[in-house]
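Naming follows writing order (A, B, C and D), and every chain is counted from residue 1.
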Amino acid sequence: MPPAPGARSIASGGRVLILTLTLITLTSSLLATDPGPGSIAPPTLIMVNDLDYDNGESLTISWVPSLDDVPGQSEVVAYRILRSSGGGQEATIGTVLAGESTFVDQSVNRDSAYVYRVATIAANGGEGYSLPTDAVVPNREWLNWDLVWLFLACLVLGGSVVFFIETARRGKKLFVRKIAGLEAIDEAIGRATEMGRPILYIPGIQDMDEVETLASLTILGKVSRQIADYDTQLFMPVARSLVMTAGRETIKTSYLEAGRADAFNEDMVRYITDEQFGYVAAVDGYMVRERPATIFLLGAFFGESLVLAEMGNSVGAIQIAGTARPPQIPFFVAACDYTLIGEELFAASAYLSGEPRQLGSLKGQDVGKGIAMAVILIGVAAATIAELTGSGFFAGVVSTLQNVFTTR
Amino acid sequence: MSLDIGVWIGALLTLGIFSFLYRDNPFYKLCESIFVGVSAGYWFCVFFFDNMVRKFYFGVFPSEAGIEPKYFLIVGAVLGALMLTRLIPSIGWISRWPLSFIVGATAGLYMMLFFVSNGLNQVADTMLPLYRETAGGDFDPAETLGTILVFIGTFTGLIYFFFSKEHKGLFGGAARVGIFFLMVTFGAAFGYTVMSRMSLLIGRMDFLFRDWLGLLG
Amino acid sequence: MAGHWIAVAINVVVGLTLVWVLVRTIQGRPIERRIVFVYIALAVATPLFMKLEAPLAETPEVQSIVTTIKELPPGSRILISFDYDPQSAPELQPMAEAFIKFAFKQRHKVIIMGLWPLGPDQANQAIRAALEDPSVAELAPEYGVDYVNLGFQSGNEFVIQGMGSAFKNMFPQDERGTIYDNIPILRGVTNFSNVDYVQVFSSGKPGTREWVQVAADRFGATVGGGTTAVQAPEMYPFLRSNQLIGLMGGMTGAAEFEKAVEELGKANTFLLSQMFAHATVIVFVIFGNIAYFRSRRRDASTDAPTPGGIS
Amino acid sequence: MNRTLPFLLTFIVGFTIVIATFSPPLDRLAVDTAVFFSIIAVFAMILGGGNLVKINLVKITRRQRDWQFAIVTLVGFFFVLIIGLFKVGNPGGVTGQVDAPGTPFFDVYTYVFVPVGATMYSLLAFFIASASYRAFRAKNREATILLIAASIIMLGATPFGTMLTAWIPDSLDIFEVPNLHFFLMSSPNLAGQRAIMIGIALGVISYSLRVLLGVERSHIGKDGG
């Protein structure tokens, strides 16, 4: 992949700041309507726009097509865009087909000023040149002011999470309700120990660039810490090599913390294959042969969720599942003993740690939820009043709120 | 019946996998082992050529003149090479550096992605009047009911997810309403999943009867 | 036609045996799962031989895609991303074929790409199928002028983000190795602002969700989705909020699209099997629950432990 | 040192990407990070592939159960690896696309990979049927709602639903299955989806902050490890 010569801002809205507007007088364009033999009308009204909030790596040139450029006729073939900078040589930087009226120049530097001309190219080889534009310097913006509301929202939410982490750290007790699936973990590990059968931990089938996988590995940290205490056998088959490495690291840490470094074994974590159902086939085989007493299915799951959960159910294991993918949740609900739904998966590691600071972060995200609910309530109420009474004030409230909460 | 050897291999493998439905058997195990080995090798090659050769090598040493080399990619390769320190147990802890890099990048990236698309925009889209009119200006009962349900469901669903309050009393009642809405969502997901899986089975049957046996026009 | 009647006969017989299943289930002796498997196999296979036409309702999700495409002036540029692999082809290929035929007949320019390695190959198959259609062949769409396949680019949603700056950055050349700037259809196409519509066919991640999040939300592209049925429910929030213009969900969505654009194809053939399979699943859910309620009532009256068999 | 550097790396990389969202000159960072990830993943695959080979070799040498199939797995793995990495039979030679049509690598994909994968996937249809007979019980009010919704969707998704309720008069057409189907999908389902999505967003943000701020650092490991 070649480097992007002119990467532009991700989200600059549609607002375009017109820096330069070079008007070719009406007279000259009228004159151009009567071209002599071999000559052709040039494009007019050449404008050079610099996009708001970009990296200063592109300029957009637009024009009013030549009067000879009539749809369905082939007198005009194309437009040629010429550019010069710093009084240097003028060069063609691009050509577009007849009928087009814009060109994005992505080969500009922030430090230079550019002058453009656009030429009509006729079928008979004739060319009609526009007047040159004023010089334009592409502008770089360090901050995208279109996103200021997003930034503030980040600050509020991030701030509340950090605030409660701090509050908890200073020793204030924070209440967190029971989450059944997580309460059951102790029991599930204990059961495997009693039965003398292994525990199977499945961290989903996605790689480390998926936040659900990260969450699953943090839960693995807490779970394997307990497993180390109980001295129960743990097996974790994975579908990604990176997850294998990270999983080993996580389990090893837990075993070290439990003072059971001797019991740790790299083969607890095993890479199977990246292929979804190749992985499933192997894990199913393991379940049938080894009959694990407890199965954790936590992470990003797709179609394989049902196969794994059904198979685990049929070998009589206690199953604790969790995913943020709604399509897979019903199958977990049906075939597993406990299911963590969406947000609960991400809260699980904090909950399991029991550490005040971690629990504080849950409180912080509840504040976020509270704000979301309050905004929804106000927004809906205002929208309803506006709809019923036609009040401009309430309509204004709604559109302001929507504006704040919409980033597209 | 097909004369194409590829179709035959495909059909035999298909039957081998289907035989698992009766019980686990050597024919199935054979297909499974082939699949595990072949797929691991396949993805290794694809990732190698796509990531190492195309992205990394041609990123640092562009094949065409005039393209700026991306030397910073070498940092990525160094991080990657650090993963291999795991092969030497005494310095294996160095592999935490690339892992930390990945964890940080993933956390940072997803934070913003989910905040915008899953969070803010969904909140904004729920702010609709609970009284809806048709295009002609009359009261629209269906739309009104729909909007009210979306509002109640979203609101109570969020209550269900509250962690710092016990589900008791009025709050607990609301959370219960919320879980009902979640159950409809899961029911819908179930229905659609059935649909999807059946389609795949239809595809396989079509392959066996049409492409292999030639029984269908 | 013989196949049709044999299939119908088999279905009548199989339907009658369901009574036996019901009786056994009520008696607390549920049938083995392997017998359930046989029912599903028959429910899917036999309708393939039947020749019946099934009625189909119109849904706003699918119709809005059709209307959007129809309202575009001829010569509009449509970007299609093929984000699936052969494993999901049974669901998505019929959809893709019908869509491409329709786009060609509306005389639109089609730009193809894929975020899944094998997507562009599926696209080529769909194009081949479309070109076999006599009425499309008549229009003789030309590669490079009327359609182009940019191939696969890895990087998931980052590819879409990169395309927001310039398509060329992500796809320096097309699948056949032609330099981006030398492809006539791509002249003047810098980024999303130069395409009129984006259609995604997806079966997972990256897929329609990522296109909505990046192309629609960040760059304001008009995005329509075509997903496997599994993915469809997740798309409704985007649909309701107009982040997604329309949606074809699974085989039914494809069948409806085929009907709406008068391109009856595979999806309509498969729909009958789909219908029988669904009916079978529903019947089994009902049977299972009848047995469950009866056993519960027995428990309540005799205080006996839960009978086994249902696990 | 063993813990501080990884923590700093996580912290700096994470927050740089967050800040980059707001800064046009930096917004390519996210794209470049993804390339880094891909490169690191390839090195990790060496470890994964090595693990696969090791496990199967152990199985064969110790004559563990089903060791014969371990040979099949290894042969399949190395066969594909060799024809892939050395581009055996590739018309484009060593510079050709590895999975170009016409190569043995592509054939393996088309004739082994696709049919087995698709069939494995379609096994799900059978599992769903048996699950619906044995597992989907209206055990309580929640489960009942789930089942009813699922049934309406399954009916509404095929012509079956249309036929079943076609007799309902037009004035009550909201009760026809296709309409119920759309109503369910666009209202209660949407509400549930939205609650889940907003919840997940908050969960991810809180989780990410815990990771980036080092409150949660199990991925970093323990000193001296």
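For this structure, a couple of remarks:
We adopt the following convention: contacts are C-beta pairs under 8 Å (C-beta built on N, C-alpha and C of every residue); 3 or more make two chains touch, one makes a residue touch a chain.
Since the model is a prediction, treat every value here as computed from it, not as a measurement.
Counting C-beta pairs in contact across B-C and across A-D shows that the higher total falls to A-D. Chain closest to the overall centre, judged by the mean of its C-alpha atoms against the mean of all protein C-alpha atoms: B.
Chain centres here are Cα averages; for subunit C and subunit D they lie 18 Å apart. The geometric centre of subunit A is 14 Å away from that of subunit B, both derived from CA atoms.
Chain contacts: subunit B has residues 21, 29, 32, 35-36, 39-40, 42-43, 46, 50-51, 55, 59, 83, 86, 96, 99, 102-103, 105, 107, 110, 112, 114-116, 119, 121-126, 150-151, 154, 158, 161, 182, 185-190, 192-195, 197-198, 200-201, 203-204 touching two or more partner chains.
Along subunit C, residues 37, 40-41, 44, 87, 89-90, 117, 154, 161-162, 217, 229-230, 233-234, 237, 240, 243, 249-250, 252, 274, 277-278, 281, 311 each make contact with two or more other chains. Multi-chain contact residues, meaning those touching two or more other chains, occur in subunit A at positions 1-2, 4, 7-8, 10, 150, 154, 157, 208-209, 211, 214, 242, 245-246, 249, 272-273, 275, 277-278, 281, 303, 306, 313, 326-327, 330-331, 333, 341-344, 347, 362, 365, 369, 372, 407-408.
Put simply, subunit D touches subunit A in their complex at residues 18, 21-25, 27-28, 34, 37, 40-41, 44-49, 51-52, 55, 65, 113, 116-117, 120-121, 123-124, 127-128, 130-131, 135-136, 146, 150, 192-193, 196, 198-200, 202-211, 213, 215-216, 218-219, 221-222, 225.
Taken together, the subunit D residues at the contact with subunit B in this complex read 2, 5-7, 9-18, 21, 30, 32-33, 35-50, 52, 66, 69-70, 72-81, 84-85, 98-99, 105, 107-126, 128, 132, 141-143, 145-154, 157, 174, 183-202, 204-205, 207-209, 211-212, 219-221, 225. Note for the complex: subunit B touches subunit A at residues 24, 29, 32, 35-36, 39-40, 42-43, 54-55, 58-59, 62, 64, 67-70, 83, 86, 95-96, 99, 102-103, 105-107, 110, 112, 114-116, 119-121, 123-124, 126-133, 151, 154-155, 158-159, 161-167, 182, 185-187, 189-190, 192-193, 197. Subunit C contributes residues 30-31, 33, 36-37, 39-41, 44, 54-57, 59-60, 86-87, 89-90, 117, 121, 154-156, 158, 161-162, 229, 233-234, 236-237, 239-240, 249-250, 252, 271, 274-275, 277-282, 284-285, 287-289, 292-293, 310-311 to its touches with subunit D in the complex. Here subunit D touches subunit C in the complex through residues 30-31, 34-35, 38, 99, 101, 110, 114, 117-118, 121, 125-126, 128-130, 132-139, 147, 150-151, 154-155, 157-163, 166, 178, 182, 185-186, 189-190, 193-194, 197, going by the rule given at the top.
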